[in-house]
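Shared chain: subunit A. Partners: subunit B in the first complex, subunit C in the second.
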Partner chain A sequence: MSFSTFVTDKAGLQKMYEAIISKHETYAPVEKFGKYDYKKVSSLKECDPDSPIAETMSVKPLFFPRSSKIMKYEATSAGTSILETDQDPLTAQRVVLGVKHCDARGLQVLEAVNKWDYIDSDFLKRRENTVIFSARCDKAGTHCFCTSLDYDLENLDALDIAVVNGAEGKIYLQTRTERGETFLKEKLEKSTMYNVQSTNDESEMKKQYVAFAASFRLKMDYKDINEKMAKRFDSPAFEEASRNCVSCNTCAFICPTCHCFKISDEKIKDTGVRYKSYDSCNNVYFTLEAGGHNPRPAKYRRWRQRSMHKFVYYKERFGVNLCVGCGHCAISCPVNISIFDVVNHIASTPVGS
Partner chain B sequence: MDYSKQIQDIAAKLFADGKIDVFVGYRMNGFDDNQIPVVITDPKEVSTLVFTEKSVFNLSNYLKADHTRNKRAGLVVKGCDSRSLNLLLTESQVKRDRLYIIGIACEGVVDDKGQKMQNCIECIVPDAVVYDEMLGNPQGRKDYIVNADIKALAEKGLVERREYFEEIFENCIRCNACRHSCPLCYCAKCCIDQETASLYNGSNTASSAFHALMTWSLHLAGRCVDCRNCEKACPSHLPLHLLHKQNEKVIFENFQNHLAGVEEGERGAFYKYSLKDPDDFIM
Partner chain C sequence: MEALLVPSLAKVDRIIQETPDVRTYRLKFKDDSVTEKFSWLPGQFVEFSLLGSGECTFCISSSATRKGYFDCSIKRAGVVTADIHSDIEEGDDVGIRGPYGNYFPLDDIKGKNLLFVGGGIGLAPLRSLIQYCIDNRGDYKDFTILYGARTSADICYKEEIEEWKKNTSIKVVLTIDKPEDTWKDNVGVVPKILEEVVKPEIANTKVITCGPPIMIKYTLQSLDRLGFAPKDVITTLEMKMQCGLGKCGRCNIGSTYICKDGPVFTYEQLKALPDEF
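Moving on to the complex of A and B:
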């Protein structure tokens, strides 16, 4: 299937967005207390698809909710029975506007683990039924390093339709997947494609990317990091680097790729509801066993687990880094620790010292 | 307000005299003017220490961590930080003779945008209340003010107030960063983490977030020193100070102008008994 490129302007794009919102279930970044989170919207006024990356939460909770009900059960002296299981929440197609490229890549990375071993059909179905409109950044944030990682940001196919700003107020729309192509060509009525023309000229998109790529403060050689981190499991640098961490877990909760969860029961008398909710390997209880033993009692071990999982273990198993370089952990960290600085520091220490 | 040089000298001397094992301070993050708290064990790193109006994070939080708990530690405290440190001392969480405290007569710190923080504008105790050495010119105690947010809250009815907080907590993602970054939350097992208490289950439902945050704020009532570590940690930028400031006001008015951690050896409002305590309500 061939993919296509369209050109429009701000008014044209807004009209198209409004048409999408009125016809489809649409999610977009909604501001509250200066922070944007993806919520269901009923008009374009409520949301801002061009929300600043530093203040936007990940889109991950739309696919892997912060807390989801697994089942309702009854446990009496007569025995245990399941009253209801969680019905698949998504059957109709939905649209998400303004997803950052790094964030969309996070979903692609997560597909690997959700397809492996146990197949998480909910996650996969949600992704399959969602059309993602991206918003490519024009300038890198303070903690961004997405261009340094193992994916082609320019032609990223983790999203369905890329929205790129060109010169003189022109906006380019490029389909990247079959889902995006069908959505733009068939699902959208022609009348809503106001001022949207097909084009073959992609030179301005290239120019935008070159300017964007030049604006990065942080650059990383991820192959070097993968290799060096793998050899530094016993490095004392982990202890040093983790000393000022307060184990608040925020980094894991807002990360577009962290996917650890816990199971908890909310039980009143005989009936209960079982939830699957986010958890973090930085949490001291995360590895606590029923017998009381904790294999990761020290903070540096939990820190090591998180950074090694991002740059070594996931890479070994699935061939991709579990870090997408969005910088959200560094932005949200109350003590300004940046995973970029930490892994670079650890990789730079001599082996076995 | 720049005491970097003085702090470096003091820390270097402490290490040289063998008085401390670790020093907790701030260093620059290396690319902009923001700072990172740092726990130093190597005297060579002393030269990286700084202290300016960007030194925001309350360092007494680090005293509950393993690498400082049973060691002799030096640290820098502003007015609010010293109040929480005072409470940690009173509640037997740290030993005074293991600490060397550099107190700051604080002129207020600024947020990421360079604006003076709201709690600094309303600060009652700018000078450190517990210290071995004081830097800067002490300004003395200021008057207690009830800010506009809390006044507005008082005008709301109970139902309205509940709805207002429910709306705020809607964006809570239950990461518990507020609790972990709070210097006064040191319980080995927090009630919010109990598997058996269904009220505070681990799920991220709205009711669970409401109960968890309300319980948390009540456990800090009469102890919160308004350092705003929790707000700095919150990834959703929730105005958590509303909870604490409201509690502070109720306690100030009802418990003989009690302010947490201001007097040495004074316990939190709910941890001491006085015949003057009001008994016409149950909190």
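Moving on to the complex of A and C:
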């Protein structure tokens, strides 16, 4: 299947977004207290598809909720019964506007763990039924390093329709998946209001990417980091790198690729709910066994797990890094730890020292 | 609804008080169609829930060759297991998901001498395999069970051990850590009895061991000294788990998912893992 490129302008794009919002269940970054979170919207005024990267939370919860109900149950002296929770309409088509490329990459990375062996069809169905419009950033944020992690112009199939700013107010729309192609073609057939023209000229998109790529403060060679980290499991530098960590788990909870979860029960009188909620390997109780044994009793061991899982283990298992370089963990960290700094520092220490 | 994580209901058919802090729960699914689909091999585990309290990982301690039920032997250790012991009575319902994980390498041990080395509640996963091998006794050569507990009261499956002792094709060696007035069997920790009393044949023997971490540590050293190759020593890992499905990330050691790639490993495989268990 060949994919298409179109050019339009801001007014045209806005009209298209309005039409999409009025017709489809649409989610987009909505500002609240200076932060943008993906919310269901009923008009373009409520949201900002061009929300700044540093203040925009991950789109992950639309696919892997922060806390979801596994089931409800009733346990009385008469017996026990498991009750269905409200069904998530996984089949309804949704559209998400303004997803950053790094964040969309995160969903792609998560597909691997959700579809090996036991298949988490909830996650996969939500992704299948969602059309993602990206918003490619024009400038890197302070903690961004997405271009250092398998990101390039040819690898954009994590999203369905790429939205890229060109020169003189031009905006390019490029379909990147079959789902995106079908969706956009249908929109364009139905209306001529969007000032859209088909184009074969990708030179401005490439120029935008070159300028964007040049704006990064942080750069690394991830293949080199993968190799070096694999040899530094015993590095004493993990201790120093994790010293200030207060184990608040914020880094994991806001990460587009962290996927550890816990299962917990809440029961009041005869009725209970079982939840699946985000958890983090930085929690001291994460691996604590009932008998008291804990394989990772020290903070540096938990930080080592976090770093190695992201840059060695997941790659060994599923072929991709479990980090997309979005920088949100560093932005949100209350003690200013950056995973970029940690892995680069560990990788620079001598082996076996 | 997270379909993968919803348990099936099972009825507690019988509770056997094994030791002061270990009980075996004999379970039967309430729905016959679940029973039909539920087949397991020795070494696999289930996620067992006491609804309202939580879900825990336990090995299945009986063999599918004993039809109509399955056992979970549960030691009171933490919050949920304390609730299980205090709240569950015969006839009650519990939630079960599974079976999950790999199983003991049944093909590799065929035609071999079998040496089981268990300590405390560590006999639970071995019991599933012991029952399986007894029910297929012709497939194996010498059959030895070395089992140790802290005190005579801490010995699990006492009645069944008496049956094993009566079985002339099985050698059973029991030990407790310290002498007791009425105890006529061996006294001393498992690795010591292994080297001084059992003195196993090395050639053509597979060792299957499980017990508390400290016992495992010294037993592996003893087996090394005796000359067993790491590939002939099989154990099962007890890691904190939650989903059992290779998703929740809890049991990872390096890139290995203990819930999927394990819990059964050879000593040779364990040596290749990062020291995180």
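As a working rule, the second predicted complex is superposed on the first by the 335 of 353 C-alpha atoms of A that agree within 3 Å, B and C clash if a C-alpha of one lies under 4 Å from a C-alpha of the other, contacts with A are read in each partner's own complex, and residues count from 1 in each chain.
We take it that a residue touches a chain if its C-beta (ideal position, glycine included) is under 8 Å from a C-beta of that chain, and two chains touch if they have at least 3 such contacts.
Predicted model, so just to flag it, every value in this text is computed and none were measured.
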Combined model on subunit A where subunit B meets subunit C, clash or fit: fit
If touched residues of subunit A are counted for subunit B and for subunit C, the larger one: C
Which superposed partner A:Arg126 touches (first subunit B, second subunit C, both, neither): neither
Partner chain(s) touched by A:Lys310 [first = subunit B, second = subunit C, both, neither]: neither
Subunit B versus subunit C as contact partner of A:Pro334, first or second or both or neither: first
Touching partner for A:Lys228 - first (subunit B), second (subunit C), both, neither: neither
First (subunit B), second (subunit C), both or neither touched by A:Pro295: second
Touched partner set for A:Ser264, first subunit B, second subunit C, both or neither: both
First, second, both or neither for A:Val246, with subunit B first and subunit C second: first
Touching partner for A:Arg105 - first (subunit B), second (subunit C), both, neither: neither
Subunit B versus subunit C as contact partner of A:Lys35, first or second or both or neither: first
Nearest Cα pair across subunit B and subunit C, whole Å: 7
Contact residues common to both interfaces of subunit A (with subunit B and with subunit C): 262, 264-265, 267, 279
For the subunit B and subunit A complex, residues of the former touching the latter: 29-32, 34-39, 57, 61-62, 65-67, 171, 173-177, 180-181, 193, 195, 198, 201-205, 208, 229, 232-233, 235-239
Subunit A residues touching subunit C - in the complex, by the definition given at the top: 68-71, 73, 75, 79-82, 84-85, 87-88, 113-114, 116-118, 120-122, 233, 259-265, 267, 272, 274, 276, 279, 281, 286-291, 293, 295-296, 301, 305, 308-309, 312-314, 316-317
Subunit A partner contacts - residues on subunit C that touch it in the complex: 1-7, 9, 49, 51-56, 77-81, 92-93, 95, 213, 238-240, 242-243, 245-250, 252-255, 260, 274, 276-277
Subunit B-facing residues of subunit A, complex: 32-35, 37, 57, 66-67, 142, 217, 243-244, 246-250, 252-254, 262, 264-268, 275, 277-280, 285, 298-299, 332, 334-338, 341
